[in-house]
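As written, the chain order gives the labels A, B, C and D, with residue 1 at the start of each chain.
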Amino acid sequence: MITAGVVGAAGYIGGELVRLLLGHPNVRLTAAFSTSQAGRRVDGAHPNLRGLTDLTFSPPDDLGEHDVLFLAVPHGQSMGNLLTYAKAAGTLIDLTGDFRLRDPEVYADYYGTPHAAPEEIPTFVSGLVELHRAELRGATRISVPGCMATAGVLALHPPAADGLVTGDVTVDARTGSSGSGVSAVRENLHAERSGALRVYAPVRHRHEAEIRQATGMPARMTATAVEAVRGVQVLCRVRLAEGVRERDLRASYRRHYSGEPFVRVVAERRGRFRLPEPKILAGSNFCDVGFAAGPGGGHALLVAALDNLVKGGAGAAVQAMNVRHGWPERLGLAFPGLHPS
Amino acid sequence: MITAGVVGAAGYIGGELVRLLLGHPNVRLTAAFSTSQAGRRVDGAHPNLRGLTDLTFSPPDDLGEHDVLFLAVPHGQSMGNLLTYAKAAGTLIDLTGDFRLRDPEVYADYYGTPHAAPEEIPTFVSGLVELHRAELRGATRISVPGCMATAGVLALHPPAADGLVTGDVTVDARTGSSGSGVSAVRENLHAERSGALRVYAPVRHRHEAEIRQATGMPARMTATAVEAVRGVQVLCRVRLAEGVRERDLRASYRRHYSGEPFVRVVAERRGRFRLPEPKILAGSNFCDVGFAAGPGGGHALLVAALDNLVKGGAGAAVQAMNVRHGWPERLGLAFPGLHPS
Amino acid sequence: MITAGVVGAAGYIGGELVRLLLGHPNVRLTAAFSTSQAGRRVDGAHPNLRGLTDLTFSPPDDLGEHDVLFLAVPHGQSMGNLLTYAKAAGTLIDLTGDFRLRDPEVYADYYGTPHAAPEEIPTFVSGLVELHRAELRGATRISVPGCMATAGVLALHPPAADGLVTGDVTVDARTGSSGSGVSAVRENLHAERSGALRVYAPVRHRHEAEIRQATGMPARMTATAVEAVRGVQVLCRVRLAEGVRERDLRASYRRHYSGEPFVRVVAERRGRFRLPEPKILAGSNFCDVGFAAGPGGGHALLVAALDNLVKGGAGAAVQAMNVRHGWPERLGLAFPGLHPS
Amino acid sequence: MITAGVVGAAGYIGGELVRLLLGHPNVRLTAAFSTSQAGRRVDGAHPNLRGLTDLTFSPPDDLGEHDVLFLAVPHGQSMGNLLTYAKAAGTLIDLTGDFRLRDPEVYADYYGTPHAAPEEIPTFVSGLVELHRAELRGATRISVPGCMATAGVLALHPPAADGLVTGDVTVDARTGSSGSGVSAVRENLHAERSGALRVYAPVRHRHEAEIRQATGMPARMTATAVEAVRGVQVLCRVRLAEGVRERDLRASYRRHYSGEPFVRVVAERRGRFRLPEPKILAGSNFCDVGFAAGPGGGHALLVAALDNLVKGGAGAAVQAMNVRHGWPERLGLAFPGLHPS
């Protein structure tokens, strides 16, 4: 049994961390920190937790000591406060964008501001378990990737690693409203956001840089806000290498993911759920990946879907924590998602 | 051709007024006033109007002169600025709650603050055309009722006026998110509001007072925010007077509403649209009303539906303007609504 | 460890039973029966279960033998096939409407057809654990109540049992589309059903009879189909007995439900989740109940919310199974629901 | 004043045709034909038309005579019954896919069946007014393009015609549920379709062939069913020719579309409606088109949005009819769409 604290616990990712940690058999949640909600009950901000906890939010002035500290704070704050956080816990699991990109120049390019602690970047291991499982064992600093990046990387990784795709990659990412967090701005109002197909990042979304870094592919990404609260779906259009056919894609995905507890290959010929669909993944830690190619090869569509707050955030963080401690990877992450939903 | 200005034109009701007045053959929209958006293009706040107008918002410091001024301002502001508004136009059409209740004590009771200009209340005529058509001809001060009040009154009026109902009336009102206006608060965020069934006013909603005033029935109202942007639906449970049957209700509604251009009686035995449904009324000025009773009488359910921004706001205001000027009542209000939608 | 089978496993309630039983530590799911899907994979009908089971649907011709058989079949089929089902299992848990009403005359009145096995009605115990916990210990025939009935009864029971309410009760029930099951009819098409506020049962919904039976109150119920897939919310307008105030309601609910693992009392003064809301209950077995009264007493609003497929169906069945076997009541039912969702 | 009939009037496109023709000043709607609904009231199938028409559906056995006949029938039926239709009207406006593709081989390839009347294909003019206005004057056979094709073509046409783009084009199309029509199949049930991001055509959607034909670009299209009833949005990823920058795109769009009554160029730097969004187009005949490119050129995103039942169907047909008769193009098509919605 270890102790864990969550900084930024009043946000949506923070709330999911609290939910998952309360249900985790090897963890005792010792504190939920929030500047704005300090002193209030945790189940006020997260009403789904009523009856499960009597915890109140603590001010982050005094973080105390924990075995693991989860950082669900705004971008920039993890690198800004790194020393403070590091003093409070032996293991940091960071959910911001601060330590995802290995190259501070790329960071500056995509985030529009210089990195505040470039020398600390190498101390972090990527929390994408499927690609970094070995490094995560015993890691003390973990950086959880962006939600759309996780989907894009898990879709592209097998064919990219196996040399099945070449040339440009077009990434079309769709996201629900919970990805925008709890900030109350007019563009996130229900009346404005409901039913939206808002192309809010036509070019150069930040997660594009993560996909490029992880896959080595020259991905070009567009992000659209769609009608959903939770959920990310990513479509990648790729050019297949000479002679590659759909069956080669299937073999590649199976080889890479057959042992993965949280990646399912979903690529059927027909049916209403023939390709990955976030609708049935809410609350689950699965990332479903699939593919389709025309009969003659040439091009293919790769698809991935996940719950942005779970496999795209809090669940991925817990999965990484499990791996880091050598626990069974599924611990505390068993919920499969609902259908219909 | 008359001139018209809209105060509070950047809000949702204000935007609908702009849309309807731009399409009205007898009106020239001379100004759209907004404090927060002054100087910006009207089609920035209301993107559906792109290509229809090059108007920019004016600051409300100098209102100029208009034949008609529509007041789509926050509650309290019409009574606070009444003299200013009255100087700027011969006719005022007020869409706030300020002059809807005839009794300032009732106002104070429901709004929690004393009325600022009780002596002006009698100078206003109710803009509910169906009950006040004669008074509206030539009226110079018109108060448009609340959206849920309009639905509730139009549902209750025929049987109440004909003595078909007795005793308590339970009113269950459901409303979309556009009724909350453009203010960005957390409870109106898409992630919080999406899919809601939020009983935000379990007792004593303000529109209850309007329904009581207009029908003389002791209505008790509950309001729930439902998943919709536009739309209000009101269900009234009533006790039928001795011997009254469903056919008497039908006769009453027909008698009262057969000549009404914007009230349709919808009370079928079966079918997916057997009773009034706001879903097919978005953008239209119809208020559909219907009813159902058990075979033996005793109790009945009365139902009304409308678009809160049109028949429950801007459309009602334009309809009242048409009546006030002796124009055909449907002028500028022909759009019937969409199906499917 | 016991064995369990599900009849009607391809439907929505059936799918939830499969999901819950696969995750239940004391149960081995031995068969999922379906006429229409026999021979096909279970995760084809229920794609959220991909990776969790390789089960295929069995034809219900030969039911085999199980410790418990769950009947998620169409109404009428449980009473029609009761002998067959009884031979296949020591314990039957029925999710149809067949054995919910104790009086076959009332059944005939609400279902429009005579009861096929009135002599068997007394052999069933109600699966509403909160009211029938003692009887359920060791019961071999259990009838799970209707989803809206469960909500209505849990909202009304404390004040009704404590004599705090008198006279008529108006019940306004709202339900998501999953309650209509998997039958493909035009009225359930997305384009027709999306955004609906469809008053499909203005008077005399079947669950009204269950509420009357369980509470002894003369409830009158209206049911509206709202925009949601899962979720039921029930509003009850009641008249308070002389001198009863909101604090008496609160005391009553606390007394009845303080020890209940799946009933939460939610009745706050303010906030976006001040009263029960199904939005945060999807997948959970909670029924949240709340109340609000005007300052002077007189009338009150009682509210309950649940997931119709879980606490209103499959979850209630599993909870009853747990009680029947003397297991911890929460076993297999720990998922708390999501926020935001 | 001309007479017009609609074949297939009980469907969603048919219902929109009825709505638009009832409101058209130069047209008298003489008949609404439907096999399944013959003898029933038109406002039963299309409840938004209550109070606007007393028409009943006629059986299509005897079509009578009309100036214009709109064919909103299932794919294959227009080419199958062409002679019958041609006898009934001087002008045919076909909304099926039968006469959209000029090359019967391409038709066979995309539709999976040989064309039934290849010799008649040249007798049809495309109903895409923006590209075929001159040919449409006096045309007697008009083929309205597919909804996603219209969006894709209007997005691609200016830069393609001006030689600003080269190489592959990736088309990502999103569509609401009304495009699936009124057929009741499980995949279109609300519970299955709600909140979907269903990649139902990962490769080779039929509208791809139309986009290729109209633009000459090697488009590769993917279609996703999204949460919406109405609305199509198309994203095209293109490679810009050497030296081409965003300002060149802007100039191209302006040049092509500045005089178009139903195409708006929407390409802003920021804001919640910076690029085309179908949410504000429901009921309107606008197709909004926009674009964004990275600072250095290279690639660009082109976006178009429309209401699939209006500009993507019935509205386009009416617009073509207006042009064919030399009437003002906006006649009967003035509704601008709603915000918020």
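Operating definition for what follows: contacts are C-beta pairs under 8 Å (C-beta built on N, C-alpha and C of every residue); 3 or more make two chains touch, one makes a residue touch a chain.
These are the chains along with the protein names UniProt gives them: A, B, C, D = N-acetyl-gamma-glutamyl-phosphate reductase.
Not measured: the values here are computed from a predicted model.
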| item | value |
| --- | --- |
| C-D compared against B-D, more contacting pairs | B-D |
| Far-end chain from chain D, centres as C-alpha averages | C |
| Centroid spacing, where centroids are CA-atom means, of chain C and chain D in whole angstrom | 45 |
| Whole-Å gap separating chain B and chain D, where each centre is the average of the chain's CA atoms | 35 |
| Junction residues of chain B, two or more chains touched | 12, 177-178, 186, 191-195, 229, 271, 273, 277, 340-341 |
| Chain contact graph, described as a line, ring, star, complete graph or other shape | complete |
| For the chain B and chain C complex, residues of the former touching the latter | 170, 172, 174, 186-187, 191-200, 202-204, 220, 222, 224, 226-228, 231, 233, 235, 237, 271-275, 277-279, 292-294, 299, 301, 303, 305, 340-341 |
| In the complex, chain C residues that touch chain D | 12, 176-178, 180, 182, 184-186, 188-195, 229 |
| Parts of chain C lying in touch with chain A, wherever the complex brings them together | 12, 15, 19, 23, 44, 46-52, 177-178, 229-230, 264, 266, 271, 273, 277, 280-284, 286, 288, 334-341 |
